Amino acid sequence: MGDRWGTGRLEAFSDGVFAIAITLLVLEIGVPARDFDNLWKGIADQWPSYLGYATSFLTVGALWLAHHGIFRRLSSADGVVMRLNLLLLMLVSFLPFPTKLVAEAIDLTSAERAAVIFYGGVLLAISSVIGALWRHVAGHRELLHPDVTDEEVSALTRQTAPSPGFYIVVVLLAFLAPKVAAFGYLVIPLVGVFRIGGDHSAKRA
Amino acid sequence: MGDRWGTGRLEAFSDGVFAIAITLLVLEIGVPARDFDNLWKGIADQWPSYLGYATSFLTVGALWLAHHGIFRRLSSADGVVMRLNLLLLMLVSFLPFPTKLVAEAIDLTSAERAAVIFYGGVLLAISSVIGALWRHVAGHRELLHPDVTDEEVSALTRQTAPSPGFYIVVVLLAFLAPKVAAFGYLVIPLVGVFRIGGDHSAKRA
Amino acid sequence: MGDRWGTGRLEAFSDGVFAIAITLLVLEIGVPARDFDNLWKGIADQWPSYLGYATSFLTVGALWLAHHGIFRRLSSADGVVMRLNLLLLMLVSFLPFPTKLVAEAIDLTSAERAAVIFYGGVLLAISSVIGALWRHVAGHRELLHPDVTDEEVSALTRQTAPSPGFYIVVVLLAFLAPKVAAFGYLVIPLVGVFRIGGDHSAKRA
Amino acid sequence: MGDRWGTGRLEAFSDGVFAIAITLLVLEIGVPARDFDNLWKGIADQWPSYLGYATSFLTVGALWLAHHGIFRRLSSADGVVMRLNLLLLMLVSFLPFPTKLVAEAIDLTSAERAAVIFYGGVLLAISSVIGALWRHVAGHRELLHPDVTDEEVSALTRQTAPSPGFYIVVVLLAFLAPKVAAFGYLVIPLVGVFRIGGDHSAKRA
């Protein structure tokens, strides 16, 4: 039989997990009852939750763009792609937990550093797995549609390769200045999301 | 390679986020154990939760209709569309938080006004982003399918342009009469949902 | 432009809401810490939660089958279909709240009756709206694919019409015997799910 | 009318439920406030939650692979397939509850054994239902696409048949050594996920 479903259902399933992980992040945000006397201040005091929300949301958003860029060029998925994709989804679904930890631990001297490093470790793992997934595909050109050009392959390699390096730098920074690192995690996907404008492949997305 | 997936996966991902944000709203609703002695009254006392639920549900529903109206006319998405859509999803996923705040703060003199204004600010931001997204597309006709008529473009502009104005009026009203404004937020998407019957494009949706 | 997306995105969005509402039901189930000393008994004591879970799950499952039966015969959706579908989704997303109420109130003399009647009211509303949706479509044959036969229209009418009647009977029963009615709500979708085997249209689903 | 939607919407609905059940698992994970003084230890102490998360995630992941393997070979679904699939989804959505129980009960002498056996019972039920679903399809070849070969049918039978046996063994082990059994539940889907690499049908997935 033909592979009528091709990678379609794999993408649909991944999109479902991405969309849900991104949306569950809001459930952790709330203003404690005692802060309702001065609600504007109570809303403002939740800034670590907003920072965590925006960071994890944009991380998954940037990841979704890279994932989409890879999968729409795939003609079929082998066992390695299936397994790396499953590992990727497992890490993305896990993200709400370290996000919540950072929001809870910021400004607690004893816990802030550990929470920010742990969060960075999960972000580093996510960017490493999507990088490994692409490197596997780029090394097995028979998995790609025949009309994918070398130029497109190089562009995607340039897009996915450097992220783990950035995360390692920011995680190291977290040992010295956890709060600065927490904002650093936000900058990485922001750059990723803004770079897509100049990428000619975005025209096709 | 061709853009076989076109805007399909972008729509599917957006639909996922819309559907989940809409469905999570119910998790905040509950009757406290102490109200089980007179459960009918306990159920009735939760009316601010029902108001928030209906308002946010219909807001996302009306937004989904507008989003669907825009994206099924798109032949491709550029970087600006991708970024504005990501910002839109980020605001929609955030909606359960201010919705919960309004439900909790109504009838608390000190907090009611702040909660209703904050909620209105998020609703205003959502309607501004979908408006900006459509204006960008309308100004870049090469993003639209070639058979989209000028009449359709004008109709969608008429549909998306006035909403931010309505929200500004209701947010200003919230400074004087927060409870009236809370009902005002419900009326805006209700009108949007009822208008679609008279729109010839709905025949095609 | 053609209606390339037809009713596809409407169905995908509805499926998303159905799938999420069905899945969130489990979040309310848990064994209190004090019951861990005798966990088998603690697990058994949660039977009202399992009853509520199974009832709401099968209700949404049977609804999904009817919804699928209607929408795959639609060639386009008018404003009334869009609005009734939005109302249907709003009621389905709301279902976890009365489900939780029933699970909490069973065996509480004062609250049991109210919770079971309230739950039945929401189930009655859901079955009425899907019935109204089908009657509207059956009365506007231009919304249906041209090859839908009169026989198929009659079969769907027979399938969707009687449910509201059953729910009215069980809600009336709830005034006398709430616990019996709670099991009655489970029987209605069970019958619906088992009837599909004899329906020749299931072959096509 | 033609069955244009075929089994597509059935798969999309199932994928939605799988994706959500998998993603909700993370909501149960958290570090209690008292453990923030030594957060690294607090994070490490949550290992039963991570074990439960990984086990349930991989179980659903392996199930999704088998489900995908079955449904992309189906040309149509009869009433039995619809009902078994609904039962399967009901069990999968239920999984977060026993997963949470295991994470809470590990190291509690009185509750550990009961929680691990109950969890295993649900896993056994899931693997039995997907096995029954495939056996029904394999016995009704008219439900399959005409180009599905006998070899493919045998391969899927070999893939789905032995799992219930493995689960029975591990559940029996749970009576003697609950903690060892809890890790055993993780090994079964891991083997399933790693086996797909050698399966020629994975090339097509």
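Which chain is which? They are A, B, C and D, in the order written, and residues in each are numbered from 1.
Quick note on the criterion: a contact is a pair of C-beta atoms (placed from the backbone, for glycine too) under 8 Å apart; a residue touches a chain by one contact, two chains touch by 3 or more.
All values reported here derive from a predicted model rather than from experimental measurement.
Undergrad: Most remote chain relative to chain A, going by C-alpha centroids?
TA: In terms of C-alpha centroids, the chain at the greatest distance from chain A is C.
Undergrad: Examine where the copies chain A and chain B touch and state whether the two sides share over half of their residue numbers (same) or under half (different).
TA: Both copies, chain A as well as chain B, present different residues to each other, with under half of the numbers appearing on both sides.
Undergrad: Would you mind pulling out the distance in Å between where the CA atoms of chain A average out and where those of chain B do?
TA: Using C-alpha averages as centres, the distance is 25 Å.
Undergrad: Between chain B and chain D, what is the separation of their C-alpha centroids in Å?
TA: 36
Undergrad: In chain D, what residues contact two or more other chains?
TA: Answer for chain D, listing residues that touch two or more other chains: 12, 16, 20, 24, 27.
Undergrad: Which chains are in touch, pair by pair?
TA: So the chains that touch one another pair up as A-B, A-D, B-C, C-D.
Undergrad: Which residues of chain B touch chain C once you look at their complex with the stated criterion?
TA: 11-12, 15-16, 18-20, 22-27, 29-31, 33, 36-40, 43, 53-54, 57-58, 61, 64-65, 68, 72-73, 145, 147-148, 152, 193-194, 196-199, 202-205
Undergrad: Sort out for me which residues of chain B touch chain A in the complex.
TA: These residues of chain B touch chain A: 1-5, 7, 9-10, 12-13, 16-17, 20-21, 24, 27, 76-80, 82-83, 86, 89-90, 93-97, 100-101, 104-105, 108, 110-111, 114-115, 118.
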